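In the two complexes that follow, chain A is the common piece, with chain B as its partner first and chain C second.
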Partner chain A sequence: MTPIASSSPASNRRLGSILFVPVQFVMTLIDAPLRALQKLTGISGMAMFFLAPNMLIFGIFVLLPLAINFVYSMTGGTAFFLADRTFIGFDQYSRLFECGNYLDPLSCQEDAFWTAVGNTAWFVVLQVTLMILMALGTALILNRDLRARSFWRAVFFFPVLLSPVVVGLIWKWILQRQGLLNFALFEMGLEPHNWLTDRTWAFAAAVAVSIWAHMGFYALILLAGLQAIPKDLYEAAEMDGTKAARVFWRITLPLLAPNLLVVVVLALIKAVQVFDEVYVLTGGGPGTSTMFLTQYIYETGFASQLRNPGLAAAASILMGLVLVVLTLFQLGIGRRTEGKRKR
Partner chain B sequence: MGAAARFIFRRRGSNGRGKGWHWTDIVTWVWLVCGLLIMFGPAVWLGFSSFKTPAALAEFPPTILPYVTQEVRVEGYDKPLALYEATLEGGGTRVLAEVRRIGIVSQMVDPNAPGEIIKVNIADRAPVRTMSFATENYTQPFVQFDFVQYLWNSVFVTVMATLITLVVNSMAAFALSKYEFRGRSVAMLIILATLMVPLSVIMVPLYSIISTIGLFNNLWGVILPTVATPTGVFILRQYMLTIPDELIDAARMDKASEWQIYWRIVLPLAAPALAVLAIFSVVWRWNDFLWPLIVLSRRELYTLQVGLSIYAGELNVQWHFILAMTVVTMIPVVLVFIFLQRFITTGIAGAGLK
Partner chain C sequence: MNKKSILAGLALALLTGTAANAGDVRVMWYSDGVEGEVMKDLVNRFMEENPGINVILDNVAYSVIKEQLPVQLEAGNGPDVARVTAIKDLAKHWLDLRPLVKDPAYWDENFGDKADWMRPDGSDQISGFMTQLTLTGGFANKTLFDQAGVEMPGPKATWEEWAAAAKKVADSQQVPYPMAIDRSGHRITAPMLSYGANYIGEDGKPAPLDQGAKDFLTKFVNWTEEGVFAKDVWVSAAGNTYRAAADDFINGQLAFYYSGSWQVANLATKIGNNFDWVATGSPCGPAACTGMPGGAALVAVKYTKNPKDVATFMDWMAQEDIVREFSERTLFLPAHKGVVEKGGLNFETENEQAKAALGTFVEASKSTSETALKLPAWRWADTVYAAIVTRIGQTLAGELPLEDAFARIDADIAQKVKDTGL
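== the complex of A and B ==
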């Protein structure tokens, strides 16, 4: 990472030090007992002390839930406290997998789950493919000899910072029946649509909005990858009079491949979990046409009338397995490219 | 205009002269300009719309700027009447107030002489409109609903979570970068493993843990599970590895305690990385949605994101309030974007993380 130390004017520093007086005081107070602790543990023992808060929080709020999740998935009933729940073995899983025909969600006992799985699969394929292509295009364009490159980079990055609720509401406002998009179509003499109440269009809107909100992040990573490609390769190609297309296929793409792979996997991991902006935009509807896995887990676990935490836990474990595979894959890529760089 | 266009379109190296336009230059500029419109346009449109009255919002075709039709009180009529600029048969225009409309004929009166009714074809009249910002869209929700409370809850969660994130993760990063101890690789592995466990995978058991320790319907229940972020540990550790160990050894010789070394030496030197993590954390926590939605079920505890989404579901027709509150919710992030965007972009480009 680039160090981003900026020299602050003297007045700022003075204000800062006034604000920090109470903090300094507390830190000095803490020092005395910690010195005593250090006498007991020795210098390297203090590492455990520094690590403890983080590990405690990870333990309670990530690892413990992860372990409990398996227990949950094997219990039934609507109660939330584990003690009140009855052990039923793998019934929740078999309920999820009980299907007449796996390609037809309606033939399954848990048809909502399979609908969500199907929707999520389609969403992942469409969103990741289109988004990565657009991110790659944007990165290639931003990597050209541009004036005000940091401005243009910021333009594409802007939606990444917006909250999912804001993203969902902005687009709900634009895509509604009397919204801006329909007006634009009307002006061009085209047919307006009810974007969010038509099943196909609502799904397309979910994909498009999600691309809009996240594309800049991936373009940024790809741009960093492009800028890391040594310039002399391009100079050599130019001297040889190589065609631009050939330069792209023979130099840019192969050297960008590791970054591209990382970005694809990152995007896949995110897309599998798609929920919030789409939930605000369409609420999963119309019908169940934009209901995705996370929403299914959320509603089965908390919101729906037929609350079933065990079933939600089982579904979330299945989703977790997919994510683990993807993450391991990503870490594997990371390790390999790092190894290459060292060599 | 010509000079501005030349400035915008000149390309580096060519200086506006030299080689002509290559097709890739055209693609580049089309892409960039479309990008500008598509990325900023919706937010700008939201901003303008949020100042419109409900009547102006319902208009089709919509206008960009917020306009309202002017109205006057005319003697003899209970309701205020809308003003129109009417083109009269004999040529010439007059400003008239519409009393009623029958079919395509509008019955109008002169506001100054309301006795006589003038009939005008509706095609020959245009409303008199003035630009007007409906600021009540912003003030009303704060008075009528609990938006002040939501705003406060969001600020509280964001600030507290960010402070704790900085302390907890910098301590862990310090331990993992400056000490050799047994179990270090195990700790690194655990932190790495948590990258694989997003909220959507553990929300059911996490909810039960939060309610068991009494943090359901409590802002701390929103804050605590988020404060130990693996990303934070990695950013800080990466940076602390570049701090020379000699500094720490020298401090130890001067009888500094380990706590003092962390607090007086390592933290100030890691300030740039802390700043990056602080910016990330503020944006993450301000934008959090699913977890607060699960943990908070009492209205007075909602964060802005939850409150806004719930109201958007309930007040389905009251777009003027929803739009204004969306703008309020967006403001901190827009400020971060304007002033701190380059820290984030260099942070992401450098580490490839989010």
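== the complex of A and C ==
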């Protein structure tokens, strides 16, 4: 079939040269001053020059708020304007750490903070462990020659595309007292249960819903890792008559390790920041059994009648430190993996 | 051609730039029932009569008013006018309309008795007016009582009598819970006052929880553990988040529901002919049979850039015939002295149950205790409410013993007072 005229190489070139005219014009305009600047500052100075806009945006929208947040954490009172607040040094931090026994939140002055810390720690351990195991299992299955493989990949990835609020509302509709799950149980002649008002079940629901919402993303990363493993290794193992479990432990897992590490660290960071879908699902209840650190900060800073912006800022700085440690860990792993590859 | 285009563009930019500011009055509004529709209609009529003023009605959820508006106000932002319930707590953000309204004497005469509810202590500021007066009270599912063959307790019945009767009904009719009370410090304060509680200390600051308060809270926690009160409502959130149990009552899942007069229109609309219901007033305790007064106010925000337009709008909304119409169409109790004294309100509903319920609330307002009447104008009321809801919610979820909850409530309130620096 003859290609249509508009997509022929000649017409493409013509279109490209027309589109390039304004670009060329701009480049001619800035060429002279940039050359002068390069003479003045050298190559490294030019790097700084091109990085400056990005750094400016980063500074204004990330570093400056961080600094303001830190200043807030050193102030007291209920006013929001910094100018109306009084400097109290590290009192907010002392208040957060004033505790008889850190393992017993009720012995702490800010019991809600330590409850949130404990809940978050449990959530991170359970959610990250279970989610990675499930993501790995899903990726291994999706890596096989399944019928309608693309469909199954889409099924597992679909929840990732949903808004956290939608995720929370869907599962609330399923799990609430008069929800779909209890209706199904009732129809089967089983006893319905108040899933979201039972502390253990509500926490389990928070973990499960979070896994459902995010697992697809991590499964996709692992699937990409699996597909990058050379097929000839598996063929060689098959020829040697190696058992499937040994193939997994000796070939798949070691070669998937870099992807797994990235997934672990990303999942850890995301889990520490858990908020939206759980907030919609349980509101932090029953009691405070699903109240995590981010919700504590939000409630303390903004939502509660007993709000204290300074205390919320102090808690967020502490949470930020945890996230910095996790990020450094990720960077360290990245560099180590890169180093190994180069070797 | 190019010059013309540029000039036209500049003119348009200038036009839209000015139209976005001068004459705009942004109103933040929430609805419990049908009042959003009524307000929309009134706003349209106001704009027809005042073509130079453009009123933008932002209908938001109550949680936005409760959680986000205070933050906006603290930052010096927010709407020009808002419908709020935390009127005393946020009083420092309201605009003084006294120099701006046409006739301050009219405002003093008709809204003066509730003016202290919404202005800083010791001032004569006109901040706005109550769009409705409310009173907490109970609703009973009459059909369930009739089907169970249980006689409904009378007007002076105690909380214990209602609990016993509602439990019989629930057991007989297989209803999940006999009773429910909204997850709200304001709502639970009514029975606490009936048991003799008094939050206000001699110095005007919050007093530690007294025996009356502890007595009712102890009963409430025990009743909830026994399944008399709906546990879901109180444990379904952390902190002082508001939760209403209205949907459970509307769905026929409760024999008795303690909320307030603002629910009448909501219940009338949503229950329809599904079952018969009645307003019961507030059950009695050893000290009183009181409900908690309250309501929502339409207030002007002092950060407005159009104070004159705001005052024009407020003057129009506060007119006697507009207040009367608003009350009749929304089934809210009016706070306008002239409207109340003239009486003869013709509530626009065919629903006889709703009319009877409004009559019950008017009657119940006569037994409102002195302590209850003081609380809406007391600046620490919301602080006390928040601490009670937060800690009792934890107790009901099984994570805080009741005695510890009492200690924590006192400590939370004391900390808030200390943080405020007063």
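Operating definition for what follows: the second predicted complex is superposed on the first by the 276 of 343 C-alpha atoms of A that agree within 3 Å, B and C clash if a C-alpha of one lies under 4 Å from a C-alpha of the other, contacts with A are read in each partner's own complex, and residues count from 1 in each chain.
FYI, a residue touches a chain if its C-beta (ideal position, glycine included) is under 8 Å from a C-beta of that chain, and two chains touch if they have at least 3 such contacts.
Predicted model only: the values in this text are computed from it and were never measured.
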| item | value |
| --- | --- |
| Which of chain B and chain C A:R144 touches, first, second, both or neither | first |
| Most chain A residues touched (candidates chain B, chain C) | B |
| Which superposed partner A:L253 touches (first chain B, second chain C, both, neither) | neither |
| Which superposed partner A:A154 touches (first chain B, second chain C, both, neither) | first |
| Contacts of A:L29 with chain B and chain C, given as first, second, both or neither | neither |
| Contacts of A:F302 with chain B and chain C, given as first, second, both or neither | both |
| Touched partner set for A:L220, first chain B, second chain C, both or neither | first |
| Touched partner set for A:G287, first chain B, second chain C, both or neither | second |
| First (chain B), second (chain C), both or neither touched by A:F81 | both |
| Shared chain A contacts, counted only where both chain B and chain C touch the same residue | 80-81, 178, 283, 302 |
| Residue ranges of chain C touching chain A (in the complex, touch as defined) | 67-68, 70-71, 74-76, 86, 89, 176, 231-232, 235-241, 243, 251, 253, 382-383, 385-387, 390, 393-394, 396-400, 404, 408, 412, 415-416, 419-421 |
| Complex interface listing, chain A residues touching chain C | 76-81, 86, 106, 111, 115, 177-178, 194, 196-197, 199, 282-291, 295, 299, 302-308 |
| Contact set on chain B toward chain A in their complex | 10-13, 24, 27-28, 31-32, 35-36, 38-40, 42-43, 45-46, 49, 58, 60-62, 167-169, 171-172, 174-176, 179-181, 184, 187, 190-192, 194-198, 200-209, 211-212, 224-225, 227-228, 233, 235, 238-239, 252, 257-260, 262-263, 271-273, 275-276, 283, 286-287, 289-290, 294, 305, 308-309, 312-313, 319, 322-323, 326, 329-330, 333, 336-337, 341-352, 354 |
| Contacting residues of chain A [partner chain B, same complex] | 1-5, 27, 30-31, 34-35, 38, 43-51, 53-55, 57-58, 60-66, 68-69, 72, 80-82, 137-138, 141, 144-147, 150, 152-159, 161-166, 168-174, 178, 180, 183, 186-187, 212, 216-217, 220-221, 223-224, 244, 262, 266, 273, 275-276, 280, 283, 293-294, 297-298, 301-302, 309, 312-313, 316-317, 319-320, 323-324, 327-328, 331 |
